[in-house]
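Next come two complexes built around chain A: one with chain B, the other with chain C.
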Partner chain A sequence: MISKVISGNEAVALGVKLSRVKVIAIYPITPQTYIIEELAAMRDKGELDAEVIRVESEHSAMAAVYGAASAGVRVYTATASQGLLYMHEMIWWVAGSRIPIVMTVGTRAVGAPWNIWNEHTDFMSERDSGWIMAFASTPQEALDLTIQAFKISEDERVFLPMMVGMDGFILSHTKTRVYIPSQEEVDSFLPPRKQPYVLDPEDPVDIGNMFQPIDYMKFRHSMHLAMLNSKEVIKEIGKEYEKKVVPVGSYSSLNESYKLDDAEYALVSMGAWSLDAMQVVDELRNMGVKIGLYRIRYVRPWDEEDIKRKLGDKDGILVLDRSVSFGRGGHLYLELKATLPDVNIKGVVTGLGGVAINKDAISSLTKKFIEGKTDGEWFYPSEVEKVELRNPRYIK
Partner chain B sequence: MSLGIRDILNKPRLLPGTSACPGCPENIALKSISMALGENAVFIVVAGCSSIIQGMGPKSTYNYPVLNIAFAAGPAAAAGMAKAFKMRNKNIKPVVWAGDGGTADIGFASLSGAAERNDNILYICVDNEAYMNTGGHRSGSTPFGAKTASTPGGKRENKKDLPLIMMAHHIPYVATASVGYLHDLMEKVKKARNIEGFTYIQVLTPDPYGWMFDPSKTAEVGKLAVQTCYWPLIEYENGKLTISQESMHCLDRRTRKPIEEFLKIQGRYKGVSPEIIKGLEEYIDKMWERIKSIYEGKVIL
Partner chain C sequence: MSLDYQFFPVSRPSEGGGGKTGNWRIVKPVVNLNKCIGCKACFLWCPENTIIPTDGKVSINYEYCKGCGVCSNVCPVKAISMVSEND
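Right, the complex of A and B next:
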């Protein structure tokens, strides 16, 4: 294990290489492009023993890795924003076939209006597709979760694809110190690929053909059970990863708690700004407010039991969302409300389209919440109360 | 070329009891193609009739591995598969099986991408000239004047010249075939199967229901399409175009069978105006002029 100052994108590319991926489909979209460029360069230099397919769209990127994975090799691709939405059809096809695949999503706002900056709406819009969905908060975690993702996805109790989210620019382009495991360490953790269905003329199987309604529904139920099973698998694999690969960071639980035990209030967040939220917790603790943080690392599976255990007794919970379901509020807020219907939960949708949310902003939002000056769900910043559309006119 | 049909007939790749309609040209094509392909092939079937002919999972009438996939995704999935087999040192050919809708329309970007990369796959377009699986909606491959569910008055645009478009991708092999001439089809498949790189075969598959003819006449319609020169049988290999024996007579207008013989056997052109027939004839003439100029080396692709 060595440590280096690298960006989130570089960390992910290294994680993919160390996982001995065999086929990679690449198509550029900001802010993940550097990952695939780096992988293509590694392939050119002979450092990576993989085939790289330069596809003509994200739809094809997911189709290409799906085809390759069905033929029995470990695969990888990355995308963001419009690209993820363009892949949407194939994302479902992969999950429904129970084919293990790993993908990175460098999260980014979705147009219109055109916007290249960070938010989580692209990522959250795939939460019903049957993929395992983890979200990193540091470049280190992006690397660690990528390597773990192969093992989780290829576990026989799971056999679902997995995507790892990473805040666009904030993590993808920011350089921090990252511990990079050696090939031997990763090899000791990650066994050769295994999968339930492989296309092979010696043992012909059909993948994805027409099923009767009841058989289709049974298959959907099997995906539901696999998603539930994956909770234990993720913890088990996380612990093994800590032991065999990188002994920094903690992966023994799906989500992370910070100063929650004696807390009366809790913040809930996901992604890079969770680290700012931790500082806010420290700051408020110094002022005598008993508050803690619960950081969501896995959107799917959703760790309902842990959330009930850690947050069920709180006087108030504030959920920070970087995504929105229009007319309903932030996705995490909605999930929390459904998990803890009797707890006082407020939610704030903020940081959309790259609006900068720093420690001070989170601090002022939290204070406002504790002082009880908030409704159930609100947007921040809200200096512009309303966007006035042009006067409508009838068109001849 | 010897096909060695006796050997391959012993190992049927299309099992009895498919869910195909009576007289289904795709059933005929599938049976022939899979025999010509031999054992080391995997099919990538995009949305269409062939997803239904296969029957209900978990059983299947296809006696080879199949990846059923979304409409626009076939060539890309096959490209990934080709790379995976290469990494596993397996000599297995990914074969995409797609209709004309999946080829000319929704899957066109993916097709063009895989051709440009010269991925090692065989792409077979079964051209029944409309979205026959969803009720006979027109496609980019429906010919001028044909009546379909969405062009009840006859299509106003010409058929997209896919073989020519594929030739312009400079891939190693492009061919056309018809279910009227199965030996020709099988020979072409056998040849393509052994070529490294992107190969493309477009098979005319006249559909009894969409084209409105008696299901016993599928092969006859497939033959008439060739004899009247509506459907050329050609091959394009290493930059050189050849005309298959069955279509050689089309080079001279005078030796072509009248187009009416092809049109009157089907319902798609029933009651259409003489102008439409004329428009279709003009298209066929121009198509043969193009083929001739490439064949004679006047135009180099």
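Right, the complex of A and C next:
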């Protein structure tokens, strides 16, 4: 294991290389483009023994890796924003075919209006598709989760594809120190891929064909059970990863708690700003406020039991969301509300389209919440200057 | 390998569940066995599994072949011609 100062995108590319991926479909979209450029360069230098397919769209990217994975090899692709929406159809086909695939989503706002900065709405809008969904909060975690994703996705108890989210630019383009495992370490952790059926001319099978209603229902139930059972698999694989590969992270639970045990209040967040939120917790603790942080790492599966155990007795919970379901609020806020209906939960939707939310902003939002000056959910900043480039046509 | 709750959307190719569909055909594929090189491209592409590898070459199950012509199109040596059903 060595450590280097690299960006989130480079960390993910290294994780993919170390996982001995055989087919990679590449299509550029900001902010993940650097991952696939990096992989193409590795292939060019002979460091990566994989087929790199240049495709004409994200829909084709997912279709290409879906085909290759159906034939039994380990595959990878990456996307973001409009690209993720464009491959939405194939995302459902892959999950419904129970084909293990790993993909990175460099989260980014969705147009219109056009915006390339960070936001989680693209990622969160895929939460019902049957993919396992993890979200990194550091480049280190992006690398670790990518390697673990192959093993989780290919586990016989799971057989569901997995996407790893990473805040666009904030993680994808920011360089920090990352521990990079050696090939031997990863090999000891990640066995060659196995799957229950493959496309093979000697023994032909049909994948994802027509199902009668009752079989379809039974099938959907099996996906639901696989998702529920994946919780144990994720913990088990996380522990093994800590032991065999990178001992710097903590992966023995789906989500992470910070100073929650004796806390009266809790913050809930996901992604890079969780680290700012940790600092806010420390700051407020110094001021005598008993507060902790619950960091969501897995959106699917949703660790309901752990959330009830850790947050069920709190006086108040503030959920920070970087995504919005219009007219209903932030996705995590809604999930938390559904998990803990009797707890006082408030949510704030902020940071959309790259609005910079630093430690001070989180701190002031948290103080506002603790002082009780909040409704159920609010937007921050909610008042923005209207942009008028010209008068609308109907005004003379 | 799979567990009790695991259920996969996989089936094996079989003859038509909806009855014999060969009478849908307007044109039928005819294999020129002198030209056939036994590459099985037609077998791989046939959407109805009506091409049967036989003795290193191929034969066709006309009870289910709908005459779509995919086999004729993918044959690298043009050994399959589509001829009118009435001829």
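Note that in this section the second predicted complex is superposed on the first by the 384 of 396 C-alpha atoms of A that agree within 3 Å, B and C clash if a C-alpha of one lies under 4 Å from a C-alpha of the other, contacts with A are read in each partner's own complex, and residues count from 1 in each chain.
Criterion: a residue touches a chain if its C-beta (ideal position, glycine included) is under 8 Å from a C-beta of that chain, and two chains touch if they have at least 3 such contacts.
Please read all numbers here as calculations on a predicted model, not as lab measurements.
Aligning the shared chain A places chain B and chain C in steric conflict.
In the superposition on chain A, A:Ile53 makes contact with chain B only, not with chain C. When the two structures are aligned on the shared chain, A:Thr107 is found in touch with neither chain B nor chain C.
Of the two partner chains placed by superposition, chain B and chain C are both touched by A:Ile207.
Of the two partners chain B and chain C, more chain A residues are in touch with B.
In the superposed pair of complexes, A:Thr33 makes contact with neither chain B nor chain C.
In the overlay built on the shared chain, the residue A:Ser323 is in contact with neither chain B nor chain C. In the overlay built on the shared chain, the residue A:Ser153 is in contact with neither chain B nor chain C.
In the superposition on chain A, A:Ser137 contacts neither chain B nor chain C.
After overlaying the two complexes on the shared chain, residue contacts for A:Leu225 are found with chain C alone; chain B is out of touch. In the superposed pair of complexes, A:Thr79 makes contact with neither chain B nor chain C.
The superposed model built on chain A shows that, among 109-117, 145-153 or 181-189, the segment of chain B colliding with chain C is 181-189. Common to the chain B-facing and chain C-facing surfaces of chain A are residues 201, 204-209, 211. Remark: chain A residues 22-23, 25, 50-51, 53-57, 59-73, 75, 89-90, 93, 199-201, 204-212, 215 touch chain B in the complex.
Listing the residues of chain A that touch chain C in their complex gives 96-98, 156-157, 159, 194, 196-197, 201, 204-209, 211, 218-219, 221-222, 225-226, 229. Across the interface of their complex, chain A is touched by residues 1-3, 5-13, 40, 43-44, 49 of chain C. Residues of chain B that touch chain A in their complex: 39-42, 44, 51-52, 54-58, 60, 62-70, 72-81, 83-88, 92, 94, 109-110, 112-113, 116-117, 119.
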